[in-house]
Amino acid sequence: MRKRTVAVVGATGIAGQQFLVALAGHPWFEVTALAASARSAGRPYGEAIRDASGARRWWCSEEPAADLLGLPLEDAARLDPGRVDLVFAAVESDAARELEPLYARAVPVVSTAAAFRYEPDVPIALPGVNLAAHLPLLEQQQRRRGWKGFVLPLPNCTTVGLAISLKPLLDGFGLERVLMTSMQGLSGAGRSPGVIALDIVDNLIPYIPKEEEKVAAETAKILGRLGEGGIAPLPVPVGATCTRTAVLEGHTVSVTVVTSRPCDPSAAADALRGFRPDYAGLDLPSAPARAIIVHDDPFRPQPRLDRDAEGGMATSVGRLRAEPALERGLKYVALSHNTRMGAAKGAVLAAEYLCRTGKI
Amino acid sequence: MRKRTVAVVGATGIAGQQFLVALAGHPWFEVTALAASARSAGRPYGEAIRDASGARRWWCSEEPAADLLGLPLEDAARLDPGRVDLVFAAVESDAARELEPLYARAVPVVSTAAAFRYEPDVPIALPGVNLAAHLPLLEQQQRRRGWKGFVLPLPNCTTVGLAISLKPLLDGFGLERVLMTSMQGLSGAGRSPGVIALDIVDNLIPYIPKEEEKVAAETAKILGRLGEGGIAPLPVPVGATCTRTAVLEGHTVSVTVVTSRPCDPSAAADALRGFRPDYAGLDLPSAPARAIIVHDDPFRPQPRLDRDAEGGMATSVGRLRAEPALERGLKYVALSHNTRMGAAKGAVLAAEYLCRTGKI
Amino acid sequence: MRKRTVAVVGATGIAGQQFLVALAGHPWFEVTALAASARSAGRPYGEAIRDASGARRWWCSEEPAADLLGLPLEDAARLDPGRVDLVFAAVESDAARELEPLYARAVPVVSTAAAFRYEPDVPIALPGVNLAAHLPLLEQQQRRRGWKGFVLPLPNCTTVGLAISLKPLLDGFGLERVLMTSMQGLSGAGRSPGVIALDIVDNLIPYIPKEEEKVAAETAKILGRLGEGGIAPLPVPVGATCTRTAVLEGHTVSVTVVTSRPCDPSAAADALRGFRPDYAGLDLPSAPARAIIVHDDPFRPQPRLDRDAEGGMATSVGRLRAEPALERGLKYVALSHNTRMGAAKGAVLAAEYLCRTGKI
Amino acid sequence: MRKRTVAVVGATGIAGQQFLVALAGHPWFEVTALAASARSAGRPYGEAIRDASGARRWWCSEEPAADLLGLPLEDAARLDPGRVDLVFAAVESDAARELEPLYARAVPVVSTAAAFRYEPDVPIALPGVNLAAHLPLLEQQQRRRGWKGFVLPLPNCTTVGLAISLKPLLDGFGLERVLMTSMQGLSGAGRSPGVIALDIVDNLIPYIPKEEEKVAAETAKILGRLGEGGIAPLPVPVGATCTRTAVLEGHTVSVTVVTSRPCDPSAAADALRGFRPDYAGLDLPSAPARAIIVHDDPFRPQPRLDRDAEGGMATSVGRLRAEPALERGLKYVALSHNTRMGAAKGAVLAAEYLCRTGKI
């Protein structure tokens, strides 16, 4: 396969840098363009991420690839998408609304921004769950908008572990209701300024603005059915309470579901262990060997111990038991890595699927 | 009123020391005896809590009262309860099963241990919620066991904020189901060794052994009805998931309930704000001015900001909203201080009620 | 004594709010004016500190006094200082350079900003250490600048515990060299944005810009001698390494000194215990009973256990021992509360001294 | 080279498990025996590390190698050392004093315990610094004790980063005095129970029993000269203050030295960057490409960002500057990984050196 050239837009932020890490040494993709806001643009990338004191503002534990440091950082509003095969966008929602259509006219755009997630002709890509089912909608998007490319957003990072763990239960037993309380990691809030240390040491915060609405809408859309008129959301209410805890990375969710058909915990464990993601068999470079890992040890999953399982691409599930307070109730705790599978690396996996299936 | 003399048993542990803090300068109670395991006994208290290096093993932020330091620390198994009017017991459950009956033969025992909570002739004392309703059961306990005193345990610390916040909803709207995910503070696990720092920094633990069962059983018993045959538990299932977070003190619970009658969030807020605890009007020294505080700010309650409200005796409730995933569903976040209202200071409040109502 | 009216400038920030807490119910001072930047001004204080979502941006654990909430928040650049007896300024250094002279023309200004600390006619006020010795310089400042009032800055918060602990050693044994490594709390960095949680959880940061230079210059000036030509700094080099740790409040310093005359640890302990602050005997409302507390327990001082000693106004010293690597070397660990004695409450104590000695 | 068979003693503890991780897939060593106290022995390793609830007590982020789980866990007191080529010992000091001689009679023992560090015929192995210089002492140990093997202890984990960073300065400029304040990670205290979370969240602890004496004695011995009568410690006083901070792994030290000859910071940086460890050129599997990494960014090194550099085997140095308070004073901050280079992996590197140089 010819190596695809890609641009990473929003390359100076934490999400953009995670794309650079996820793409380092990638066998199919080669980063040939980097872009950010006009303010940062005009210098080599390695210089652009140094602050006034000379310190390098690089936020990932992996070092940046040496060849990226010399790439010029371009103004995202003036980036010529025709120079690349694909754009990865990691910008704020307002910027995404402006920029992503500029690129999508020419090439596919895979994005971590929320801007287009709720448009009727836009699927929300959750690898393993709905790529095969929902990507056909992209053709409708292209026709309707007259684009050669398309915009394909990934879900909110909190939705990821929830929707992946729900999928085998939906398929096996049907779902009637979903209740969830999250305990989310700090990196989900980014660094501008994100969560201030004074607010979270010896503390937790019981509210994350807009998060609960996103989780409910996105979960229903991702698990919905693509028909003539677009994606019909799964007609299952999702009630979420989203909280922030003093955990660096990894979103933990305490989930209770009501299934349509009886489902005891061991049947649920079997379904989760037997989950076959829709990218299975395609031999995608970023695909985890196990999309879902089920723990018997009741002290697991824990964010620090389990977030990096399968390179941060697995959803870890534990504490499966019947919920006595609800008929056909089942409950569990799930954990997924919010900046790997839940953001850049999940987006790269989606792009790999697009390549393999001829959409890029 | 004559000042009552009290013994604190388990006085060297963290829970016992919290009793000493809660009783410092108390207008009605005077600590005249201290006891612990035989291993620690035989020295003045101030010496007994020094370790080999001479450092003082005192775990509360308030300093110990000077006059306690000279009191002899006695062997709990040989303590003569006849010397005091009341015993506060803060020992492990196994020790409580042995020791508390020894004292209860002679005098009332108010305890933070679980040992007797589930006995049919033992009420679980939650001040504000069920003292008036359930304390008459103590007479049955005394008759049945032939004791002059009695054993009155407080609930598990996680049950406290949950049951207090449920009480006005139960009274106002009826309850059909309760679901809860807790995010509990570290002090709930004590210091022997409690939670190891290596296990909780940048982490959370999704399981606390036996905690969920306690919460379910105790909540139903506390909210139940005392009849001829004892306390009939509230016939409402309580499904709990209990987790540990990197918070020093304060247990936060994310609660979803199904009410019997429709209850919108503002009606619920009114009911919570209007809650009149059963000790109201008795002018008890440890009673909070407000038993329940309702927050409109969606970022509250937070453990660090709100746990000390009303001297750690208030339950703070916020994020009241409808739960769309359940019919007549209502959800909120509640916070209570696990070692003040949830342990020693709550026990002292219960004892004050006993005094005022002539039971001590 | 007539109650003095005071204005708090910078009243919406964390430092200004700490002034409001330090002044709540103060017997000598009454807050009658509040000011902040033009952007925040024009509304009652209680409204000005609400953000777009309606949440109150109040950063202290104590609640704001009810009567302050209705005070109008004024534009600091247009505040008429003639309306008050005294201004407490808690603004950034650049703003202080503009604003403080405007007020000082009319009334005394006691400030936590660095703007004027290094001017030759400006003493740095460290209560207990140099008020009696250095405040006469204020008259020279008034004459030279033609002001009716004056500007009196407090030291950098890290200097406070260091300089207080050095003073009795200087007086008793003479000082030749000072070396210090700090482990500073998060609140010293404020909230704009201060330290981001992602940067400090499971981490420490070995550098705080400009801090080490401030500590060296301010310590030497505070411990210097006021003569004809102003304050001659103590001719003792102070070498500092300043680091940030995951502690909410309290700055810990590991100090090594070389004394001029031999000084064994027990003599040093006696000197520290016997320290008589220069405000002793004046019966100032914010003065601690003990300015310095010496610990024998080698595990103390600890920030969480000791920062609130004497209402946050004491410096706690422990681990006093000889430093074998230096002749006449002595070392210890000191802790002081950076936002109580190290900021607003220290400034209020300085103002109390000014009142009592007739300077206000 | 024939693969050496090794036994890991203390295999159920955190230090022993780190040996198992450091030896997983090792090209020269094969773990063929595992031992622990009699209490744990007698079952396959995979069962022995399960607790009563069935949860696996494995403390490393890397999973244990599958083939180890079936190895029988033996009683350390009855282990036949003749079955292996080498023993790695990771037991408490008291146990080490008993067990290590039993093994050393037959085979080399490389140990992380302190038991034998201060014996005159025992070198303290710090790879890179003193293996070439001090290992000849092992022959004297063998002769004197009549052992076929020997005991070779590694230093205390806090000594490691200090002594490595001092070595190029000593060689280049001479050393006269060393002062150090450490900010140590939690894993250095182990898990039995190690540091309790209640003691360290929002806190630091200014004392670690016996640590300062170890650092002083071991640094001087490691940097000393091997002569006729054994190792003459470097005649340079080392003054240490050791503190514990809320960092999971990585020991940070703030170091001030007085050099014998003038040494400006850039000359020091050159010396550190040019450091050639004594294992250089031997192509040892666990050797880092860079033993010392020098940072120009003043915000580095930070434990979370830098502890894993070179697989946890590098010492990171930053903030090099003159110390104005001391003549020929130089100061810097150094960081090393306490459980990689500072324990098991450092011990494996030492064993690799022994192999390559024919001592095993």
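All chains are identified by letter, namely A, B, C and D, in their written order; residue positions are counted from 1 within each chain.
Rule of thumb we're sticking to: a contact is a pair of C-beta atoms (placed from the backbone, for glycine too) under 8 Å apart; a residue touches a chain by one contact, two chains touch by 3 or more.
This one's a predicted model, so the numbers in the text were calculated from it and none came from an experiment.
**Q** Between B-C and C-D, which chain pair is linked by the larger number of C-beta contacts?
**A** C-D
**Q** Please identify the chain with the largest separation between its CA centroid and the CA centroid of chain D.
**A** B
**Q** For chain A and chain C, what's the span in angstrom between their mean Cα positions?
**A** Comparing mean C-alpha positions, chain C is 47 Å from chain A.
**Q** In angstrom, rounded to a whole number, how far apart do the mean CA points of chain B and chain C lie?
**A** Measuring from centre to centre gives 40 Å for this pair.
**Q** Using CA atom averages as chain centres, what separation in Å is found between chain C and chain D?
**A** 42
**Q** Using the touch definition from the top, which residues of chain C touch two or more other chains?
**A** 53, 201-202, 209, 246-248, 298-299, 304-305
**Q** Could you list, by residue number, the parts of chain D that touch chain B in their complex?
**A** Checking each residue of chain D against chain B gives 53, 59, 186-187, 191, 193-202, 209, 246-248.
**Q** Help me check something: in the complex, which residues belonging to chain B touch chain C?
**A** Touch residues, chain B against chain C: 53-56, 61, 201-202, 296-300, 304-305, 308.
**Q** Of all residues in chain D, which touch chain C in the complex?
**A** Touch list, chain D to chain C: 177-179, 181, 183, 202-207, 209, 216, 237-239, 241, 243, 245-248, 252, 254, 256, 298-305, 318-319, 323-326, 329, 331, 333.
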